[in-house]
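Letters A, B, C and D name the chains as they come in the text, with residue numbers starting at 1 for each one.
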Amino acid sequence: MFTVKDYRDALAEGYLLASKCRRCGAVQLPPRPICPKCGSGDLEAFKAPKRGRVAAYTVIHVPPSRFKGEEPYAVAIVELLEGVRVSGRMLDVSEADLRVGLEVEADFIKLGEEPLLCFRPLKHP
Amino acid sequence: MGLQRGVAIIGAGMTRFHHKIHADKTGRDLFVEAALEAMASVDNGIELGDIEALFIGNFSSDSFEHQGHVAALMADWLGLTPRAATRIEAACGSSGAALNIGVMAIASGLYDVVMVGGVEKMRTLTTEEVTDVLAMASDEVYEAAVGFTFPGLYAAMATAHFHRYGSTWEQLCAVSIKNHHNGSLNPKAQFQEEVIDIARRLGERRGMTFRDEMEFLRSPLNPVVAYPLRLFDCCPISDGAAAVIMASEEAARRFTDTPIYVRGIGQASDAMALHDREDLTTIRATRLAAQQAYRMAGLGPEDIDVADVHDCFTIAEVVATEDLGFFPKGEGGKAAEEGRTSLEGDKPINPDGGLKAKGHPVGATGAAMAYEMFKQLRGEADKRQVPDAEVGLIHNVGASGATVVVQIYGR
Amino acid sequence: MGLQRGVAIIGAGMTRFHHKIHADKTGRDLFVEAALEAMASVDNGIELGDIEALFIGNFSSDSFEHQGHVAALMADWLGLTPRAATRIEAACGSSGAALNIGVMAIASGLYDVVMVGGVEKMRTLTTEEVTDVLAMASDEVYEAAVGFTFPGLYAAMATAHFHRYGSTWEQLCAVSIKNHHNGSLNPKAQFQEEVIDIARRLGERRGMTFRDEMEFLRSPLNPVVAYPLRLFDCCPISDGAAAVIMASEEAARRFTDTPIYVRGIGQASDAMALHDREDLTTIRATRLAAQQAYRMAGLGPEDIDVADVHDCFTIAEVVATEDLGFFPKGEGGKAAEEGRTSLEGDKPINPDGGLKAKGHPVGATGAAMAYEMFKQLRGEADKRQVPDAEVGLIHNVGASGATVVVQIYGR
Amino acid sequence: MFTVKDYRDALAEGYLLASKCRRCGAVQLPPRPICPKCGSGDLEAFKAPKRGRVAAYTVIHVPPSRFKGEEPYAVAIVELLEGVRVSGRMLDVSEADLRVGLEVEADFIKLGEEPLLCFRPLKHP
């Protein structure tokens, strides 16, 4: 049974752990103990792709106290696969360039002790 | 199978919601004030001994007042002990969820008369600390940890809504201006001032003048909180409490000739994390909770004369008026801009000023919505009265939509 | 008017309660584990889609995991969305209060099948910090502020009880020894070791030998927590979750031939502050909640074959067995000393080891008590089975007695 | 209507604020908005007596974090009038001398910024 720790351990190691339902094929990111689509507990782990597109975003100007001093900072919801999204911090992008549809790639950094999922705009060669 | 017994509201009270005037009061002081007003509002009078149970919505007195177990505390302070007292928590939908439990408690046959209240004393903390506490209502591990705040989640919804439907920030401003106007008519509202008057007042202090509201709202006096949402897109941080008294239809007749009947109730949940929702521009739990309530009431969106919807942020009101079926998907912003949701419009929304102007002591908000409908449907809403309102709806959301409660009332 | 529909428990599950083995799990992980076990225990099988609503007891995930809004989170993680999910909080009586709401929810006619669970992940904090969090369940302003802790409040009750009835600390030790014995028979218990075996194990490490349990309990290896209560008078800090599935009597028959029927429920409140109670040696809310439950069931204390009572501290079990009417006031300690509450006694109490040995993840405790009665009354309690148990009672207390819930079950 | 602040202000000024119901005569300490005996809101303030007797007590060896370092310290429930009790810190008494029935007198000190209600054994002249 996948736990929160499995996902966080994967983040710390530099990849996005997802699960796929062996019964109905639905994908969960982070991995879950139960498939929310069909209720099956028969799920297999896989590494989610690191590239995706911004589905929604914001720039935080009034931060919670734990991130005080970092403002303004951008956060985005990124779609990695059809219908599979995740939240992450946006780096290396100006407020003007941030938009829905922007192509991004995941990066894995640490904020103090904690792994932090980040995204950066994809640089086309 | 439907509810085994009908339920009605026979009394309602609330403190003014405010960020300053309650500085010297604790949560228990605020709740007692609201509860006493609710009792005093019962037409034929009511005694404490008539109230058989208490349900209290509260989000996090743990964080705000270092006090848990608050339902027992409120029962104690109001003099309701030894009656059963239970706290209900569903983030900003806490007292909405408590209202549904109040209905079930009576319909079950266990109690004939119960009090359902809500309370939140938030102004014990700084704005940053409050932001931190509110973020607990989202998914700590997957959202709050990467830096999402509560305004941030709704801001993200706004960007998706703008992108998909072409709605605009200017439409959101129409919501804010309308709600401030309604608040100016409501003696219980935290802000009782039109946006244009606030613009004039703040401008004078800084030697600035504004042609109209929009010039003010675009100015640095309306700073960005979480892009694209600015200060005037966000409800304030508030202290306050509200309470309603519910009774079985049969018991209700002893207390008043004009009870307000609960016609339908609904509640739904959804993924905690916004990113996990099927559609970022819709709160699915609103659709499902409304469906349940409409079905139980045998009514549809077109039958609703007045509604209090959960406008913690301006975009939330736009999305809610769509998801409740008042306007086609994507046209909520346009409807606000056209004045259709104003007191004079065809679908008056948040006549009390909404969370934006009335204030949002989170755990008290659902109960305060029920208070407003009690006043509106009894024709007691004074300057903010929606003429001939016979059917009212409340819509109370927990966090970014992982919990939604809807209740429909009728005269 | 009584309940409009009968209600039964058709399934129950729980994690082991523990202070260490769940270190890598969060609250949501624990709850899912308990909920899946509850579902697997339903004789004829059950699907997630059969469960129409979720009620979760939780004391303060706010403080322990920086996570509010936990009922929606649990629904999400279990795959129960979009079903209604509501968190109930009444300190250590949280999931007891949730059980009562589950009963009302079904009796109201709104739902046929609901899940009621409880969860607490406490071992994220140090013992001092946990002490701080638990103190929030008492009156912050009038009790916690002067230095009362949660053990301290029960310790004060003990001094009053000793003074008035001549009961003794040695009698409290009998409760602890008995509950450790029962825990040693329960694979879900945090401590599965007799006190004498613990004495031997700890003594060996320090080169000490103890003639009997009492010599060990009087030694420095059993330090004072809050005089007169020592470590072995106190329940431990635990992580864990529990869940039961409730159904209307009619729906229950689809799922099992041996449902456990809810025969009576009760809930009462009292002053938050211990000093404000009429009598410091009695928990009045226990008496009143039990009165309600006995009346609804048409039963009395003499009819109860087995009971789980809230022994957060040894003195609490003594006071509870008196207030529930099992023994005359002042004689609960004597009854424990005489073995009357042991598995072989005439009134077996806490066959699962109680909070003392089974553990006490506070928000999960009421649901875990219902789990135990489900097992006992179905004859599935293995080594700790009370022979021929047909009627069981649970007694779940919030804080020092400001909330008490009682439920009575029958085959 | 009495609030929590009224009681705390009185503590800071060195007395115990109580209320008495004008309808049924019941006494409340701290003062309350409503008489829990009869439901009346018609209550008058008065200063509670400072002398009383210990009704129950404990000595805290495992403190909450805010009082860490002060342990062991004693806390008592003191009966000031028939049936009217309050919780306070016990000072100037050994664990051996502390007992139910001990005569005590209130004292008002500060713990940091906060007023703290204390009791000391009454010294008979």
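We take it that a contact is a pair of C-beta atoms (placed from the backbone, for glycine too) under 8 Å apart; a residue touches a chain by one contact, two chains touch by 3 or more.
Since the model is a prediction, treat every value here as computed from it, not as a measurement.
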Discussion item. Quick check: more C-beta contact pairs at B-D or at C-D?
Written reply: C-D
Discussion item. How many angstrom lie between the centres of subunit A and subunit C, each centre taken as the mean Cα position?
Written reply: 39
Worksheet item: subunit C to subunit D: how many Å between their CA centres?
Response: 31
Item to complete: Could you put a whole-Å number on the gap between the CA centroids of subunit A and subunit D?
Response: 54
Worksheet item: By residue number and range, which residues of subunit C touch two or more other chains?
Response: 26, 76, 81, 141, 144, 271, 273, 276
Worksheet, complete the sentence: Residues of subunit A that touch at least two other chains are 4, 36
Fill in: Full enumeration of touching chain pairs
A-B, A-C, B-C, B-D, C-D
Worksheet item: What residues on subunit C touch subunit A, complex-wise?
Response: 24-26, 28-29, 32-33, 36, 47-49, 76-79, 81
Worksheet item: Mind pulling up the subunit D residues that touch subunit C in the complex?
Response: 4, 7-8, 30, 36, 55-68, 70, 72-73, 75-78, 83, 85-89, 95, 100-101, 114, 116-117
Response to the item:
Interface with subunit A, subunit B side, in the complex: residues 126-129, 131-132, 135, 141-149, 151-153, 155-157, 159-160, 163, 223-229, 271, 273-276, 278, 280
Response to the item:
subunit A residues touching subunit C in their complex are 1, 3-5, 32-36, 39, 41
Worksheet item: In the complex formed with subunit B, which residues of subunit C make contact?
Response: 1-5, 26, 53-54, 59-60, 62-63, 65-73, 75-76, 80-91, 97, 100-101, 103-110, 112, 133, 136-141, 144, 265, 267-273, 276, 284-285, 288, 398-399, 402-403
